[in-house]
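One chain, chain A, appears in both complexes that follow, with chain B as partner in the first and chain C in the second.
The block that comes next holds the complex of A and B.
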């Protein structure tokens, strides 16, 4: 019954450049309902919300298919402004607050009540003076609705983080026609107690008849407040559940659940074990914006492939970047019993570690240089390989011949598809670029290879090849590989153990054949059911 | 269902009030640091120069009247997040173009001055609009872009008044033009509007021994009132929002580019008027040079007054003019008295003007970085 719903989505399909990210989504929200949308990273949650809020990114990439109804009427939402006019509000994941403004100035931003004055009568309404009294009054009302007592004339920059989210919500409900508020992972930056208050506030709003779409990956919060739960996976709507009839375990399983085809990995003569630790991280913190590591401990066994998984923003990507000295780090990194000098990339390379960055085109490759140069670059810089002496002492030149011969060999061994060693890497496909990155790391002959998001942005066929290559490095050359990936599935395919990172720490380590429920729970910060040593 | 209640008690106890006082004090000291330093420097200079206080006061009154309007015209772009508007040089040129027109038409006195102010408006609006268009494409690099735009505009200005006048633009006026009949002379006498505004009101009323340009101060006062009124309007609030965070402003439905354009246009018009006030006080006008230092000196003044790239107030502007121009008067005399070489003071003065700008820019970059880092940490 579309008439009963504030918002109804029918058969929404959206693709970016031929890559379908939402497939035939149907969803409806009733007044006073808290509707949770859960899913892993890349499940399509954010795209769906951007679509509802009319964010420009949707239309710049070719719009979408399907229909949106509000109160049973088909509507078009082409801009955030239109969404606002229709009564859709959004509480953003990052605070959309101006720090140098007061609470009330933020709440009333661009909707300030004004009073006419002599100048404005000539020059028009934009010269009307702000009515601070009305602003203060409205803000107070909105804050009271949330049950929050803060001074509306305080500057937002001086508020504790926990308050800021409330100011955002106050801004949304102050909009007179607010009917539906979208919360985009609102608790991501909040401490647990603050999150509880937020959820209480959401419930209050729902009681007042406002419909709420609540995007999150914290399952306990979903269970605490939602009426209905929609689970997305790989852009598809897996199931819409009524909260009272479901359990955390069921949601976790549906969220992750897909068959893992763990290929037959070649066995080793000696299986890695805790008796032989090659690398130990103690209380590691890394100041990588957006991927902060906060006091993480981890032991890596010699010769294993260790996976590091977790949701975006929890810090998994920060680990490798911190250890390799690319972002400021503190704590202890012990390799074979020796402490590594932190914040010094050269020291990390000297310790026989190599890193394949998640930022392939930015950090990983010199895009306009040839395949050959990209392959040998780190070896030349860090280990003085591929250089020949000249008559002048101290001046050494690149040994072009050796470089070329080596590159030819690697290109053949790793099956890099290119026209030859001289082709600029910019022209290679994503998968082949990634192989060049791996080849460069491989050329350093590292004992420990860090690989971040090795299959991001490359097509499915190439993904398998890259994973196979990693297994080959591990089995044939005995490299210890630490692989960070957002795709649990690929971690489960080739890793011996998978460490899941939550809030900058290891939440637990699972075997790749652990159940979907365990994985689903652990990446969402719920207590792991069982751990493996 | 056990629903947690929100009360101020259950929320984290770190309230705004407690942190505020310490930070506020630090903030004020930080803001006063620069003006205080220059105040001390001025005092030392005054002592060293052994100046007659009456002479000094008289000079300061003249210079306050002459320069304040120009410096005040910098405030609005700072509010809108465009930094210090080196583009007021372009406004100054628009003002000069209007001056050339009224001088040619031989309209003098206060009517002539007011007509020049009127004529300069369309010029300044057009050039300001064009400046704004360019600056909107150079977000985050407005200052250096504005600075270079000033040089470019100077070229166009020279083209018009050195080459086109007398050729494409029909004009013949032997008093103003070069003997070849093409292009304007290097200096233009502004006898007709000399002190036209300064003496427009109560010119016979003196304050003690001092002659006060009442009308000019009135104009400056009105601009101060306008500026403070403006920040309280809807448009002013939008400007502040854009200045603080373009992205958030855009998300809340503000047309960021348009707001920035308006800010630059207002500043350019005010800059044109400021230059008119400046030149009517001086009484003559270097056709090709008068505008050149306007941006640099005004910006140095407002920075000395304690403004930064992201924050400027009326008081910053006024105090800055006072300190900067006191230094201007005092330093050559101090140099003369101490070392017998006036150039040393002169050198010191320009050293300060450029030095303070460099320091202010570096400080700003440093603080922004620090702030971003500390925000990240939270």
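The block that comes next holds the complex of A and C.
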């Protein structure tokens, strides 16, 4: 094997519970090389990085197949600690810093240089005094390497967000043996100027001979700094390219590209059009942590299936949550010409909207309650259905017979596999739980159905069934469906139009049959080649 | 014979046993076995089991409503209502008002409850408003609210403008006494209603019926729209919110309901005991009720009427029969009070360590 690689991965395969997420990955990084790893959400980037860094999640789920070499030597990385000893550093997407400590305390955390004192002579080295001078000196050196001038004795909590990332990097390069640093979407939370600064710092590190593995989905950054680009898709390594010989368009296409089997969707009597708008969002902002929506405008045609795509963290998930009143929202939501009262889930339900949340177990289900209760409870609460009168006026009890009959019917219609209406939903498989969520929303007989990540965490067969159900709801009951999904492929399969969200706004709307290049570009914030109405 | 054997085999099969064990739960199994052991011990010591059983039934009915008061707050996820004394003193105030007018019999009893009701609802609202501000720490704050209210009520009892000589201090003429007998009013009126003897065991029919009636009401309540909304709120607040339920309102209602049950429970407790105990007596009222609910299998995530009934039966029976037995076993020493403390607090501790947290 080539001896000059810092890190070499050979034939790495990893599966979670029978679900293969990485298939035969080969990858090598040379000293001083910036190696970008790009791919959509779920392509396997994070798993690959966890594997390199020896994160416990890998071993708790049965380890992996394949070999890792460092400097030509086969190594076993079973814990982050071992990874660090081997000279692998990691800069996380979310900051792992202690806000109440100073910059240098964070940089030197748990590796502080110490001085002996009288107490430590008796009680041992754990009682030694911190050598602040040495700490300050080391921190300064590390920060200078990054070309950053900040006061190393400042508290991290007072630093601007952009600087925190640099403190993390400084911590990694301060480790004397740092050879390879993994950057996991480091620019996700940075403003543009900060991102530029970071990329400059990365280049500077590479010049000093440190190898860099750079995970991102921002193609312009990839083009700006990397030497080599590896593209992952669905757990497979699609291609490794040399930056100088490629183009953004090629990367975009490879990232998204796959055959879209757009099934034969049943036709409608009236095709949706811009003349009949059922829902309009104007300047919508939603304060959903990690999925902020920032002044988004969108028009939804009556009777269509509108897809909302985009990468994680760009705000696509926030839209439905904001409109349905689950996260604080501002702006205007107009349904059939009437303004909706925001931040009021009841008002949203009264406006004949229903929502299947992306957080199935957190929002969508009462795990310890029965299938029947899960299906009808929203209808009971929001629409007073399934209640029967009692001899006392005004007191109404749950009509258990009606609930049972209805549940039996919908279990049959949606083919929910369970032992019966009384089985707790916790015992169901992911796909069947998702069907219960759909049944819950369906029971509200909505005109507009919001569906978020309907196929997340369910197996392939069930995915198809869920998508078929959505098409059935749309064609047979005329529901307007707005479906949010990270999987472009599935959006392209059933949607009439697909809106791509970038940085909290609609970057553009594409037809499902638009080219892979257009999708790839728009999803990573590049301007589209052309837009379609 | 063979058929019988196979049946026994099936009943003792690992699957069947595990299923039973999972449903019943380890804590309840241990306590039931301990209880059984105590009964056997009592039998060996030639103690009068009928008296023990009668006393147990008495105490079950007497405490039942106080334990039931734990249910609404548990169901909505507010947690155990450690502020039970808040409702309890409302009941006591109702009781004292009824005494002031010398009302006797069922008139006296129901007047006491009617007077306590608006008070309990009002204080319940204020208490709920406080708990809403300290979300996540309801149980700890509730404990101290309970303590504070009892202390505050001590001042009230001393200065309250009651005039009936049978209950104000003999000297001075203002302020009510520490303990007021209900002997001439409604002492044991529920206990004795339709009471009868079965194999020497006295069955306090009225008392048990009253408790049963409230359990039935609670059971029905959780099938109304509001009741179901409360269950959803406790099981998954986000689900509740996304179903258009006003989560905050449900938490308020649950605290007010719990408070009201505690007030009625206080009156039932007093009539069974035969005395109204004022001043610091309600201070520790919450703990046995909490322990009973937990032992019954209620958790901070899920609680049902069934848990409450099992809990109150197990806990109160154990408490009632453990005392005379320890007394007999350790003859000559006055160990009973100490033993009572150890057993009841030990059980709370045990039950709390058994609590599955979310």
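As a convention for this text, the second predicted complex is superposed on the first by the 532 of 533 C-alpha atoms of A that agree within 3 Å, B and C clash if a C-alpha of one lies under 4 Å from a C-alpha of the other, contacts with A are read in each partner's own complex, and residues count from 1 in each chain.
Assume a contact is a pair of C-beta atoms (placed from the backbone, for glycine too) under 8 Å apart; a residue touches a chain by one contact, two chains touch by 3 or more.
Quantities reported herein were computed from a predicted structural model and do not represent experimental measurements.
Engineer: What does the overlay on chain A give for chain B and chain C, a clash or a fit?
Structural biologist: fit
Engineer: Kindly classify A:395 by the partners it touches after superposition: chain B alone (first), chain C alone (second), both, or neither?
Structural biologist: Second partner only, chain C.
Engineer: Could you let me know whether more residues of chain A are touched by chain B or by chain C?
Structural biologist: B
Engineer: With the two complexes superposed on chain A, say which partner A:362 touches: chain B (first), chain C (second), both, or neither.
Structural biologist: Touch partner of A:362: chain C, not chain B.
Engineer: For A:334, decide between first (touching chain B), second (touching chain C), both and neither.
Structural biologist: After superposing on A, A:334 lies clear of both chain B and chain C.
Engineer: Look at A:324 in the shared chain and tell me whether it touches chain B only, chain C only, both, or neither; answer first, second, both or neither.
Structural biologist: Second partner only, chain C.
Engineer: Looking at the overlay, does A:265 come into contact with chain B only (first), chain C only (second), both, or neither?
Structural biologist: Once the two structures are laid over each other on A, A:265 reaches no partner at all.
Engineer: Touch test for A:163: chain B only (first), chain C only (second), both, or neither?
Structural biologist: first
Engineer: May I ask you to decide whether A:194 touches chain B, chain C, both, or neither, giving the answer as first, second, both or neither?
Structural biologist: first
Engineer: Rounded to a whole Å, what is the shortest Cα gap between chain B and chain C in the overlaid structures?
Structural biologist: 6
Engineer: Common interface residues of chain A with chain B and chain C?
Structural biologist: none
Engineer: Tell me, which parts of chain C touch chain A in their complex?
Structural biologist: Chain C reaches chain A through residues 220, 223-225, 228-229, 231-232, 235-236, 238-246, 301-302.
Engineer: Using the touch definition up top, name the residues of chain A that touch chain C in the complex.
Structural biologist: It comes out as residues 324-326, 345-346, 348-350, 355, 357, 359, 362-369, 373, 377-378, 380-382, 384, 387, 395-398, 400.
Engineer: Would you mind writing out the residues of chain B in touch with chain A in their complex?
Structural biologist: Where chain B meets chain A, its residues are 3-8, 10-12, 14-16, 19-20, 23, 229, 232-235, 237-238, 240-241, 244-245, 248-249, 251-254, 376-378.
Engineer: Quick one: in the complex, what on chain A touches chain B?
Structural biologist: 80-81, 84, 92, 96-101, 105, 109-112, 114, 119-120, 125-130, 146-151, 154-155, 158-163, 193-194, 196-197, 199-201, 203, 287, 289
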